[in-house]
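Each chain gets a letter, A, B and C, in the order it is written, and its residues are counted from 1.
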Amino acid sequence: MKRIFNFLLVLTLACVMALCSVACDNGGTNDTDAGEVDTATGNTIVKIMFHVDEKSTEGQAYKKRIEAFNTAYKDRKIKASATYKARTVGAAGYETELLNNQVEGTLADIVTFDAPNTAAYADSELLYDITSLIPQDVQNDFYSLNTYKGKLYGLPIQESSAGFFYNKKIFRELGIDVSAYTVDNPWTFDQFKDVCGRLKNAGVTPVDMRIDATKDETATYLLYPFIYAAGGEFTSPDGYTATGYFNSAATADGFGFIKSLIDAGYTSYKIGVTDFFDGRVGMYLSSGWTIPDLDNKYKAVFASREDWGLLPYPKSVNAASATGSWSFGITNNHHSDKSAAKELLLWLTSAESSEAITTATGMIPARKAVNTDYEAGSPEYTLLKQLETSGRQRPVTVAYPTFSTCFNQVIAALGTGNVMELLNTQASTLQREMDNLKG
Amino acid sequence: MKKQLYEDLPNFKRNKTPVKKTVGQIIYIIVGTILSLIFLFPIIYMLATSTKSESAYAASAGSLAMFLPDFANLGEAAKNYGNVFSNYGIWRYAVNSFTYAAIVIVLNILVNGLAGYVMAKLRFPGKRFLSFMIIFLIVVPVETSIIPLYSIVKIMLGLKNTMSVLGVILPATISIFNVFLFMQFFGNIPQEYEEAARIDGANTLGVFFKVILPLSKPIVATVAVFCFIGVWNDYLWPSMILPYASEGQWPLYPIQSALTTIQSIQGITTGEIMASLIVTSIPIFVIYVLAQKYIVQGFGTAGLKM
Amino acid sequence: MTGSALIIAAVFVAGFVGIAIYDIATSRRRKEKYRFGTVATAYLMLIPALVLAFLFVLLPILYSLGYAFTDYNLLKPNNIKYVGFDQFKKVFEEIGEKGTLYHALINTLVFVVGVVPLQIGLALLLALFVNKPLKGSKIFKVCFFAPVVISLSVTSFLWLQILSPSESGLLNSLLGIFGAEPHDWLRDPATAMPCIIVLSAWQGCGYQMLIFLSGLTNIRQELYEAASLDGAGAWRKFTLVTWPGLRSTFIYIIITVFIGACRILTQPMLMTGYQNHTVTLSYYMYQQGYSYRHVGYSSAVALLMTIVIGTVTLIQRRAFREKN
């Protein structure tokens, strides 16, 4: 008994001390200055932090653009200085660095961030409102912009989109002709089901929709366009209401379509991650990053581009497709003069930089002005066209991480659960989180 | 008669014949091998995968072939292992990990050993309070987030850039559990050894280094091995607090942090990842095999009375 | 931050001085005086450990506990407000409404109840096995320990392939030989937790095996001899000699395995992701604290969890001791 008493005593004492520790620590540094100036050379230093490893192809591309910037702006006495903090698998390393730099007051002038974080970072004032800094014609030239509450907080580096990769050999053998389904004339939900049915009748697993990939962002990123295509929504435009959106009838239609595919045996949770690459599955829903893999890694099944192709997302009420990007944003740090940071931001998101970076990474340029020489009908062309005509961002909300979990939980339970019940449960969870963040 | 009893017991009855013994030995080996396979299959899998190209890996996934090397194409194995060393500069990170581990082991034994010695052998006011704190901190597992530790290292102590290496080493240096282990072990060393040394004119510190530590090889080895495994396998904390080295600089990352970063680089194949994991697991195994005799003794003699 | 740390340090030093003075006062009464030289060396030798323990063990704990009474949002570190017991209210609401936390609580309980006996049992059997003075025991000892050394991410990745729901999944194709239907082991709520329990026990038992082994080597051989002379068989020898001899080792193992089991995080995270049928308390805290950025709320859960686990371990210690 005495020990338990001792234990509680120490715990209470600890809590009291911890409380006083928090009470003493309010208020950070609020002093602002015009910008960091190197006294020896008179250069204004603009600091920038990237989320990739310096030695990766993407890191090397950024590095070259930074060097070019420093040469070009030598006379204007602006110098960019870059740090690279690789965003490793599963680790919150990059974001932790960002947040702690914010506390320390050492936040770089420009940082990179993942597009779904826009709302949260804007709301917490980590990002600076750049609406007035960026000329309107430049803004118009982007496929997507990082806006929150009508203000601009970031410009994308490069874009990504997804679609249905398909095994041309299998399609040829079964006499399935999909050449009519282009971005300008996408297939409908029914036509999609029809193709699946013919594959299934021939004994081929029709489509890997990655409904098993609910552990991270993969399933959300690939599947949310179906809900928009069915006319559904996830949240209200301000991102603070989920009830009535996440569980609306149209949203249920979208999820219902995916469920009908599972019920009909067209897709399942049981498809192995490598089954498509091994020639066992007809179609595979994935992002553009699968293109280099198919080109290089699986020569036994996919010898050349004659053996595989890419189809757009099917449409129903609307046409909708996935978009995703990392973006550059100017931070709300103690440097009150943002003009030098603006120059670097415009430089790195210029058509020239956009082209240089996407040439290295194989992603889609973020700006329309970039001349791409994709051959009509090639997978890259399909992705770009789709982005232009039907690309739609994931919902902009401060509660984005919770949205992502809720979406995943619906997908994971879709095989056995009732769609409306699942949506009602998750809508109330999401709504609670939104109320929490609002209040 | 009695002596023979000692040798055979407790595992065999006195009257076992040599034949029975041989049969027992054979059964023992068979059962042991099956059990070993159950515990070794991750390593077998890693070894097998490290010999495969990406398409061979995809073809074997999910079948028993994933535990067999790709005999048809053994050149792939050489390529995977070669790439690990030449393309990603693994050896530099391995040097870092060894250095961190060595420093942590020495400091850990010194700091916790001294504390354990004081707690076990010296009389001073406040001792009961400290003993209570030690048991309290071991028994009550306070769930802490890594966030305050990060703030302490980065903001309060201001360990940045190259200095953040200290942020890897110092928190790993203190271990309440090791203080407890040392305390228990030292408590069992008879007082006479110390008194003999004191008569020879040694001071307290001298007694610790010349008498106590040499008598405590098992516990020192135990602590050293677990320190090594801990430092070698940790990746989250170092990759959070260490700055990423720019090109041309010697990197600060230890091996596991570097591996997780390398894995996120597009273009590395599963075979190469497995090859790098194999290469980095070897030191742990070697050290464990060398020290396992002491580990058993160390835990045994410390008594572990909680 | 430095300011508050100094205040906490001052409180600690003051508290320690108080206790030391009390000790000195009582020692005078008992006529066991402290020797100044010894005391001074003792304190000097303790200083490095005390400073490091204060900075890297105690302070993080205190800060974490303190956050439980605030609305700390990871994204707003410069705007932390004291909110009293609001976070605890939310915790109990979440449990009351059978939200995710409720599932986390139940799952953790199931995991602990399943894994503690399984892991300890396995460890004991393996220890008895390698303790036989036969050829090969040394090699087996190394083999059984192997999973402890390999990182969890590698073994989880491998188990995912074994438990793969497809027909060609390793376990499914094995069971298919006996005509069983392929089963989705990790998505089915009935089998997901048992799978995680088995793989955790498999991964961890090598370490407890070593500790049991050290306990076994400490048992005096004469005891077995005496038991043999009394005509005891292998089972009676185990219950009469081995088991009592392992008691203190056993207490240590049950406490450490229990604490480790309560904190399970990585396995469900890598095997199933954040799902109601496998989420555990630590995983819930991780998700709330990092992914959703509610450090305050997450700390409140941590504080309550600490109190529960701490109380249970103290009770365990008492229960096992009294029998001794």
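As a convention for this text, a contact is a pair of C-beta atoms (placed from the backbone, for glycine too) under 8 Å apart; a residue touches a chain by one contact, two chains touch by 3 or more.
Values in this document were obtained by computation on a predicted structure and should not be read as measured data.
The greatest centre-to-centre gap from subunit B, using C-alpha centroids, is found for A. Sorting all chain pairs by how many C-beta pairs they have in contact places B-C at the top. Rounded to whole angstrom, the centroid-to-centroid distance between subunit B and subunit C, based on C-alpha atoms, equals 18 Å. Distance between subunit A and subunit C, defined via averaged C-alpha coordinates, is recorded as 36 Å. Here the spacing of subunit A and subunit B, counted between their Cα centres, is 38 Å. Shown for subunit C are the residues in touch with two or more other chains, namely 1, 5, 61, 63-65, 67, 74, 164, 166, 168-169, 303, 306, 310, 314. In subunit B, the positions touching at least two other chains are 61-62, 140, 147, 151, 155.
In subunit A, the residues that reach two or more other chains under the touch definition are 7, 100, 103, 272.
Here subunit A touches subunit C in the complex through residues 3-4, 7, 11, 14-15, 17-28, 92, 99-100, 102-103, 120-121, 123-124, 126, 212, 214-216, 269-272, 275, 401-402, 405, 408-409, 412, 415, 429, 433, 436, going by the rule given at the top. Residue ranges on subunit B touching subunit C, taken from their complex, read 5-6, 9-11, 13-14, 24-25, 28-29, 31-32, 35-36, 38-43, 45-46, 61-64, 66, 110-112, 114-115, 117-118, 122-130, 137, 139-145, 147-149, 151-152, 155-157, 170-171, 173-174, 176, 179, 203-205, 208, 229, 233, 256, 277, 281, 284-285, 288-289, 292, 295-301, 303-306. On the side of subunit C, the complex with subunit A involves touching residues 1, 3-5, 7-8, 11, 61-70, 73-78, 80, 82, 99-100, 164-169, 182, 184, 187, 269-270, 272-276, 287, 290-294, 303, 306-307, 310-311, 314, 318. The touching residues of subunit C, counted against subunit B in their complex, run 1-2, 5, 16, 19-21, 23-24, 27, 32, 34-35, 38-39, 41-43, 45-46, 48-50, 52-53, 55-57, 59-61, 63-65, 67, 74, 126, 129, 131-137, 139-147, 149-151, 154-155, 158, 161, 164, 166, 168-170, 173, 202, 206, 210-211, 213-215, 217-218, 221, 224-225, 228, 237, 241, 248-249, 251-252, 255, 259, 262-263, 282, 285, 289, 295, 298-299, 301-303, 305-306, 309-310, 313-314, 317.
By the touch criterion given at the top, residues 54-55, 57-59, 61-62, 132, 136, 140, 147, 150-151, 154-155, 236, 239-240, 243-244, 246-247, 257, 260-261, 263-267, 269 of subunit B touch subunit A in their complex.
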